[in-house]
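Listed below are the structures to be examined.
Shared between the two complexes below is chain A, which has chain B as its partner in the first and chain C in the second.
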Partner chain A sequence: MRSFLLCMVAFAACAAPPPRFSFEGDELPTNDAAWNVRWRTEPAEIPLNAPFQIEVQVLPADGSHPPESLSLEVDAAMPQHRHGMNRLPRMVPLGDGRFRAEGMLFHMEGQWELYFDVTEGDLTERGQTEVFLE
Partner chain B sequence: MIVAAVIFSIVCAAPQDGLSPERLARKLSRLSPRAELAPDPTNAVADDERAARLGRALFFDSRLSPDGKFSCATCHDPERAFTDGRSLAEGRETLTRHVPTLLDVGRRRWLFWDGRADSLWSQLRHPLENPIEMDGDRLALAHLITSDKTLRTSYERLFGPSPDLSDSARFPAHARPGPEKGEDPRQRAWEGMTPEDRTSIDTLLANVGKSLAAFQRKLATKDSAFDEFARAYLGGDRSGDGRLTEEARRGLELFLGKGQCTLCHMGPELTDEEFHHIAVPPLNDDLPLDAGRYLGATLVREDPFNAGGAHSDERDGEAADFVSLLTSDADQFGEIRTPSLRNVARTAPYMHQGQFATLEEVVRFYSTLEGAQRTGHHQELTLKPAEFTAAEEEDLVAFLRSLSAPLAEPSWSVDPHAETSGEVEERSR
Partner chain C sequence: MRRSLLIPFAAALVSLCAPAQERLGAYAMTIEGLVHPTAVALDETGDLLAIADPLAGKVVIQRIERPVSLEVNPDGSINAIPLMDPRLNRYPVTFNKRSPTGLAFSPFGRLWITDSGANKLCSHSKETGGIEKYAGNEIHDLLHQPGSVDASARSLAIVEPMLHQVLLFAHPRNEGGGTRFELRARLGGRGTESGELLFPSDVAIAKDERVYVCDRGNHRIQVFAPDGEFLFGWGDWGWAPGFFADPTGVETAAGRVYVTDSSNHRVQVFDLEGEWLYEWGLHALEPREGEGKLHYPGGLAVSKKGELAAVAEAMDDRVQLFRLGAPPERFSRLDRSWQDMTASPHLGETIAVGGGLLFLGEPEGNRVKPYEWSRYGPRQVSELGGRGTAHGRLLGLTGMAYSSADRSLLVADPGNRRVQLYSLGPVDAETPAFDLSLGRFVKGLRLPDSVECGAIARHGDGSFDLLDLRAREIRRYDTDWKLVTTLGAWELVNPIDIEWDPVGERLLVTDAIAQAGWENAFGRVLAFSDERSGPTVVVDELAYPAGLGVRADGGFYVSDILEHRVDRFDAGGKHLLGWGSKGLGRAQFFQPRDVEVDEEGRVLVVDHGNHRLMVFDEDGAFLEVFGPRLYTRETRLGEGGDR
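After this line comes the complex of A and B, so read on.
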């Protein structure tokens, strides 16, 4: 009986589905494709010169579960103007590779680059995308 | 702070003469009408008329300075749109920056050119205790409030009992925190007080600041000719019915189009309430290099009177969030707060050191960027010459002149001491 239970547990573990993104949003790989980053903003339309949040989920590209030690920083800059945000968002870990960046604020219209820096151990990788605000 | 007309002219400033009516309407809708003045949850008496009356009495009271020479109104003169008309402020010495107007100051996100204060109520201690401005101190202020029967009554109706300062060993006549140059006896007196007694004085200082803030929130202006035009245009009257001159109308299109001024002077307040490198050369070679926001961000984040501090009436709200998340890095060196352009024609001279005497000079500078000076490398490159024609410069100035409007409640700008023989109005009610 005991060996039967162990087999069942082992089977259940083997049959666990690969991690999936838990919400709809834009998706991008990090620069050496080790991670996939999905993100969405709250509110959905980024407001000009007012605070907003970004919900982010980071998943390993190999389909494994995100490690507990995974960390994320979110930042943004306007490359044409050569300046960034005037604030550093507060990162709130939500578990299973999910994070919320609170206190984002884009104070100008135009092209913004959005950076997702994923750190695991000694390695940081960046996912980067562009947002145009008008 | 709201004085300089920072007409940012931006890269990619391709001529866009003649915005389509739809595009003009969309852009206009972002600039007008103005929203109601937002509440300030960090100040429980922000919209209390009694606090505003107390604040007004104190604003015009020269007893806030030790020799009775300076009141707030000395530099923020109601007859000059609450500025002093000079390039650089004149306190006990000449300061290094221009006096900002207080018109519509209740709408500002940050105070001072470097944003070192995040609320109207918390900015009081800077001019009050600066040795080259009013040179007052918070203990003298506390003694004034508690010894003047009228002031004390007004204060206690708002904030409860004032501190008992009768023990002069605990509460010296003069004291303020440092650091300052040299050995300041007032700093030593402050350091000799117990933490509890210092806290009680700081609370009074914050409360007085909140009263002054309530008064300054009353310095709101009415709609301008531009707002009237926008209301008509957005209501379907594409002619604007003469509410703007032809020159101002063309200037509006330059403001929204070719000049791309709204990149920084955005929204109904015509400011992003943030900080930029404006590249304007200093007024003269004697002035020190202005660190601007680089220092201001640090000062406001560390300010015990900021929105997240012990004296705030909402320590965990959006205002506290704003200040707690601030960055302070080398890129911000020399950044200056974007002033509102509302009432800009009334607040000459312009820029943070009053470098330009007229709006024409301001517009000419941003048209050519002649003499522009960078304070270092690794900094913002927003500015490019707008290359306005002479006629366009005149049109843009005409538009800027359409942004003026009188106070909505002008009675608030009158010195109550002149009206009621030195009594706070409260007393006669």
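After this line comes the complex of A and C, so read on.
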């Protein structure tokens, strides 16, 4: 009976579906391709000089489940202006590799870079994308 | 005018004028003929000046003769006019120690000396003339790589930069035929919060026994009670009065706090509570320019009466003396050139090269500047890092290694205790454009708390080696950036640079001091070929080897800080040729550091003391120079030291 149960557990583990993104959004690989990051903003259109938030989901690129110890930092900068945001967003972990960055604010029009810094253990890897705010 | 009004007016006038006369900072003279003076100390009377010259392996003690003029007051009393132009003669004490790093005269006339090479504390008494080494004393179990030191009648403080601490002892006393060092407190610990320290560089014990610590990595001064409790601090990174850029020395005297503000090229003066009073110094722009102008001032000593100051400038081989006098030039120029993005960069100690790109480390701005230089002179194409703790930013820069295969740059970030990888986008070699989005931060590795990173070397497969300056060993990481092994523990004494040799599949290391404790220690190049066995000596008996550049055939070049030269060796360590002497000419250097060899076999040498990059062919023939005009003019004109 015990071996049957173990087999069932093993089968269940093998048959577990690969992790999937739980929402629609833009997707990008991190810069060394260890993670895939999906993100969307609330409101959908980033406002000028007003707070907004970003929902993020991080999944390992190898298809495994996101580790519980995974952490995420979200930041943004305008490289051509040599500055970032005027505030530090608050990160809210939602479980299963999902996070919400609250308190984002783009105070200027122009080319922004959004950074998703994924940390697992001692390693941090960045995913990034460009956002143009008019 | 009523007398009651006149008196305050006169007092105000006097208060405006008097401090000018009392101010320290008027240039007196320069002591030359030194190699790399890093620390100075004045005795209680201000008659003896001790200078630590670690690259020369020496501490020199000199007597300062100061003629005292006498003036008769109207009431018949006699005032001694304090120090005028001091004249120096050599006090006959010179002794050899490898890497003397800290000096302090106690009020009892004993000179305390720390030696970071041998991890020791010793002292010298002018009465006996000998050196007391405290062999077997338990204090040496407490010391790691001791830096600066200060002594009062009741305390002895020793800075441990790599431990980010200051060890505070009760003043040593003789007991039972030995000397007893009683540890009273450990100040600091690595960090940026109040009471924490980051690479502290100097300590001063005030008359009331409060301990002033020069918290170099945090660009501030912090003050502790005699029991180790944090009291207060001031300063931050910047150029305005009261701010610092790499403060290096601190001294208390006559109710004031003096700070050498190294990268701002000045000395700032505060009261004991941290209130800014004044500053002196003007950035030396011409090579070796002095006579009051300062160039990365380091160690500092002020006589107890606040009438004489000695400022060590290791970058210019000298110590300058300043005395009381006319108000120093108030430099309202507010030199922010090191923060100006467009200014000609100072050259750090490390570079990287490959794929037509050249990477210069700019220490003041904590930046890496990539240049395209495959066809014409170097043209800056982007910028990486910038001061900060966020991912991708830097607090210092001790090593760089570039891989042209995947256009990525690995950087050692000591202040944040991490290794970071950046990638570079394509660059048009014909018409390169400056683009701040060209480079991007890829990933970073946080290092353990016990590691202080130095040079870095990459292998072809993406694995890498990192020099740990605290443990004096090499940490080897695999392609997944997992620690595989450590190399060289107990065998390296003062490792400076590491470089991977893909031909010999070995790691080459320059170790500036081969054997701790040897009176005539020398530097060498070691090779680690096998993770299971120790290193082999490839080159021996070098004066002070620093940078290492490996050729495509496994041969290599080594720069020597002490000899101001570069030597070429074959893969077996046989000396083939060498060039260089001290100066600004085409085949001359001033304390050269990193060496790199590009894909075309050109040899790039960081001529650190001259703020310039020198490029040679494989046999040492001069090709080009890159750097500030004042330091490269002579070379461009083809003067001096031609090969």
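The working rule: the second predicted complex is superposed on the first by the 132 of 134 C-alpha atoms of A that agree within 3 Å, B and C clash if a C-alpha of one lies under 4 Å from a C-alpha of the other, contacts with A are read in each partner's own complex, and residues count from 1 in each chain.
FYI, a contact is a pair of C-beta atoms (placed from the backbone, for glycine too) under 8 Å apart; a residue touches a chain by one contact, two chains touch by 3 or more.
These numbers come from a predicted model, not from an experiment.
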{"item": "Which of chain B and chain C A:Asn31 touches, first, second, both or neither", "value": "second"}
{"item": "Touching partner for A:Arg82 - first (chain B), second (chain C), both, neither", "value": "both"}
{"item": "Touching partner for A:Gln128 - first (chain B), second (chain C), both, neither", "value": "second"}
{"item": "Partner chain(s) touched by A:Arg100 [first = chain B, second = chain C, both, neither]", "value": "neither"}
{"item": "Chain B versus chain C as contact partner of A:Arg40, first or second or both or neither", "value": "neither"}
{"item": "Set of chain A residues, in rising order, touched by both chain B and chain C", "value": "80, 82"}
{"item": "Touch list for chain A against partner chain B, complex", "value": "48-49, 51, 80-90, 102-103, 107-110"}
{"item": "Interfacial residue positions of chain B with respect to chain A in the complex", "value": "11, 262-264, 266-267, 272-276, 293, 297, 318, 321-322, 324-327, 331-332, 378-382"}
{"item": "Complex interface listing, chain A residues touching chain C", "value": "30-32, 34, 73, 75, 79-80, 82, 113, 115, 117, 122-126, 128"}
{"item": "Interfacial residue positions of chain C with respect to chain A in the complex", "value": "341, 386, 390-392, 421, 423, 436-437, 440-447, 481"}
